[in-house]
Amino acid sequence: MHFSRIGIIVKRDAPAAWQMVVLLTDLLRRQGCSVHIDETAAQSYPAMHEQPACLPQHLLAQAVDLMIVVGGDGTFLEAARNIVNWQRPILGVNLGRLGFLTDIPAADMESRVISVLQGQYETEQRLMLRIRIERNGETCYDQLALNDVVLHKVQMAHMIEFEVAIDNRFVLSQRSDGLIIATPTGSTAYALSAGGPILHPSLEALTLVSINPHSMSNRPIVVASTSRIEIHSSEQRNQPAQITCDGHVKFHLEASDRIFIERHSHVVTMIHPKPHDHFLMLRQKLHWGEKL
Amino acid sequence: MHFSRIGIIVKRDAPAAWQMVVLLTDLLRRQGCSVHIDETAAQSYPAMHEQPACLPQHLLAQAVDLMIVVGGDGTFLEAARNIVNWQRPILGVNLGRLGFLTDIPAADMESRVISVLQGQYETEQRLMLRIRIERNGETCYDQLALNDVVLHKVQMAHMIEFEVAIDNRFVLSQRSDGLIIATPTGSTAYALSAGGPILHPSLEALTLVSINPHSMSNRPIVVASTSRIEIHSSEQRNQPAQITCDGHVKFHLEASDRIFIERHSHVVTMIHPKPHDHFLMLRQKLHWGEKL
Amino acid sequence: MHFSRIGIIVKRDAPAAWQMVVLLTDLLRRQGCSVHIDETAAQSYPAMHEQPACLPQHLLAQAVDLMIVVGGDGTFLEAARNIVNWQRPILGVNLGRLGFLTDIPAADMESRVISVLQGQYETEQRLMLRIRIERNGETCYDQLALNDVVLHKVQMAHMIEFEVAIDNRFVLSQRSDGLIIATPTGSTAYALSAGGPILHPSLEALTLVSINPHSMSNRPIVVASTSRIEIHSSEQRNQPAQITCDGHVKFHLEASDRIFIERHSHVVTMIHPKPHDHFLMLRQKLHWGEKL
Amino acid sequence: MHFSRIGIIVKRDAPAAWQMVVLLTDLLRRQGCSVHIDETAAQSYPAMHEQPACLPQHLLAQAVDLMIVVGGDGTFLEAARNIVNWQRPILGVNLGRLGFLTDIPAADMESRVISVLQGQYETEQRLMLRIRIERNGETCYDQLALNDVVLHKVQMAHMIEFEVAIDNRFVLSQRSDGLIIATPTGSTAYALSAGGPILHPSLEALTLVSINPHSMSNRPIVVASTSRIEIHSSEQRNQPAQITCDGHVKFHLEASDRIFIERHSHVVTMIHPKPHDHFLMLRQKLHWGEKL
């Protein structure tokens, strides 16, 4: 696919990011592309010879055929949640430490973006989660997540109790600090800190990782991505609990809430300049051993 | 599918198993089935009114449309390796502690076998691994595994060093006591003791679990079942190493050996009397929490 | 030591506990003991022929030579924090599931208490922690803990960053959900859920267990109980953080707070009716293997 | 203490080590010290102007007041086992990667050895284990270990079953690949790969770490260094098992053997040039976080 209309989404409140946006805009125009930009950050956008059009993220998605995210993994995650339904491929330019999602280092931006515009790229599809919470028979929360949906305790010193069912079958009950339901993308994020396995991005799977479970025989579980997961908390105990999506979208649960998590109907298409090597990135970030 | 020609494979050197075989043969004949039996154990077979025909396992597989394994998980694993290519469904009757694979308890044999003959069953497909080892350009070992292929050190007090590649891409090098490559079936066996995740049997995935890795940043990896895994050991170090398949088929490696592991072309079809609940079995065997 | 003046501390808001207190008071008086009781729960105390004297816990401690705690481990922990400085031995009667600290099951109360009064008991000394927090050069928090002092994140989805020093030497910095500093007593509580080791109660040691550390090379550390531990959080990041003692006494940290944790000057003396077997309790509660 | 008679123990079959020994001998003599050397490596010793006297390690220990080990941690461990009973302090010079025990890097040898001779050093006492195995009522094996005593399976694919008692009290039974009993010194060696905690060297404690335990509720235990540990294997199962000390001294067990492990009566005194910082070494070797 040839990209000519490019949208840019930038990390908020990050002046350093705007230097990159100016460079990137210039480069894209020199390559004959039109540039549109996320309006969220428009007010802080620096003066340019020809200001790019500003649009909210969902309209931006409709106006372009490639989205470039400038920032860190958090910016990428938010963009993915906002635009996944418009099915635009996303390329990530990283400003800080090498990210798992924003895999072009700032220093290499120019050459890697040109590679992509010249068709030298791979695409990779990443599944997302959709969480829906029902209260008194009505949906009171409906969100997407690219990394993970996390059920947390709220009071630091009190574990929560809940049950998990998959495809309408009771799986387990648990007392713990919470439960992480992670995609392959999220398996290298919070789930990894909690002891979960690393799932290859191509895997049609989810992992359920308990956070500090009281029972000693608990282990991470990996299930098919088509699994419909349902969680409900123990009503008797009634400890406050919370849901977060990708660590950022918070929701406070009530005791009778029913939580449904399943694969979202659309996937995120990531663009990687060639050559791309997922295992190389894991080795670098996780300090695995080099060739003997 | 309706089953009328039944093959029986029995745990070797287990007199107790033969009581069950006599009961089972009687039952099957009363239900109008023909019975054939694995010749391996023929000499110890007790006298019966009408002795079943004895055949080696691969001919047995061709003569029947259902295989019943009487024994434990070890007997089931061996039968699966022997007959998977003939694609006969396998039902397991357990004689000891409830098995993960032989899931009919001895006490329930009669009612559960009748259920199966009456069509009250589910089928479940389990993927297997094939390992091939090349030495000086020729295949010197070619085996199947339903649970796992394990690379082990041989000398207790010396770790081994090796590299892993997946689909021709270098993944990691490692110093450890070894590496487990497990199917979903094997994820609740040795891989679990080594800290691996539990993979649902329906998952098209394999897990790579290191055994006591020297590096502290090692974690279990889960990859697609279509992955072609290659291992070769560090030639300089040249510590003796060994391969086992399902814990039973041993092979001593030489330093230049190249090990190739991939999904076998055929799957094992397991028969479960209805109702069957995989998570119930996990809860019972792994002591997970019950419904609140 | 012979006990004749007995204090009783009861779980609050637990009507079931009062049945036990009436039985226990009768028993103690029949054995010739005087009985005093914690005034905290006095208003809910049932009518008795001769009402025991009610005192606040610290005066209660001075008036008796044995304290009996009726409740669960939480009641025991609180009593220990309140009365440790008066050095009275404590006996625990458990009302629910067998506790780690309250090790007399309700059903055996009568016989075990009589054993203790007849001198058939062992004593065991358990070390406690003292935490002191300095803000702007002044102590703003000063607490004791029998199980653990825990540094927690407050916002569910944001890790905290902090440094740890021991005996004025920098040990490590960390990004994680928090850090548990546990006594041997606390090593079977929250620290165990977070992956910590089990320390024998007789051990003069503390364990530092990270909660979901971002770094993959983190491991639990065990240091001498005489270690002076200092924690301070990264001021730049300035994420809200919290301290709890035994899961119950909460304190909100500010970025410049300095946290000092060391062994308390007094120990808790636990009374165990003979025969007492710590490993038996571990086996029962942790489902370890029985004699072969 | 002032050192003037120095013994040198050198890594065997390591020509590179001898360069260091010549430099070290010269240095020591220039500082007015006498030099004796381990006879084990005498035949490969290079020609020098004045050849040092060669003695077996136990006589060497009696002839000197400081022992210098040139090699890696393996050389240090062996020296410690050989000479601990003569109570000579040991200084380690490392030739390869920085060791946990041999903590002077080769490049800094001269300045650090001079520091030590000038009294600029700290001493640190490290406890050792003694293992004794009884067969038919007689001691058939009696060894020391500075890092660990390890009970191993011998056949790769078969777990072993055994019981552990501490101070004559049954602790647990287990099916696993084995059990590591580690000193604080050994807690950063094989025990760490098997998931054990890091014990500070000053701690009077041992840790018991199971190797790939079949039960999911197993956890590392830390007990007082005065604990007398007894292991015996399940006789019925009778799988072959093995003992190693510091990974190097092997012994094959028979089913009825009784294994006794306790703290050795003498400690090893390590010499560290000032300033010495144990946590700094841990941070470097285990990649813990630096000061924020």
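All chains are identified by letter, namely A, B, C and D, in their written order; residue positions are counted from 1 within each chain.
Assume contacts are C-beta pairs under 8 Å (C-beta built on N, C-alpha and C of every residue); 3 or more make two chains touch, one makes a residue touch a chain.
Everything quoted here is computed from the prediction, not taken from an experiment.
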{"item": "Shortest chain-hopping distance from subunit B out to subunit C", "value": "1"}
{"item": "Subunit B against subunit A, contact positions shared by both copies (same if over half, else different)", "value": "same"}
{"item": "Rounded Å distance between subunit A and subunit C, as computed from the means of their C-alpha atoms", "value": "41"}
{"item": "Distance between the centres, which are taken as Cα means, of subunit D and subunit C, whole angstrom", "value": "37"}
{"item": "Centroid distance [mean C-alpha coordinates] between subunit D and subunit A, Å", "value": "48"}
{"item": "Contacts with two or more other chains, residues of subunit C listed in rising order", "value": "192, 216-219, 286-287"}
{"item": "Pairwise touch network: line, ring, star, complete, or other", "value": "complete"}
{"item": "Contact footprint of subunit D on subunit C as seen in their complex", "value": "161-163, 166, 169-175, 187, 192, 196-200, 202-205, 207, 215, 217-224, 227, 234, 236, 277, 279, 282-283, 286-292"}
{"item": "Interface residues, subunit C side, partner subunit A - complex", "value": "150, 152, 154, 156-159, 176-177, 190, 192-195, 211-214, 216-217, 242, 244, 247-248, 250, 286-287"}
{"item": "For the subunit D and subunit A complex, residues of the former touching the latter", "value": "216-219, 287"}
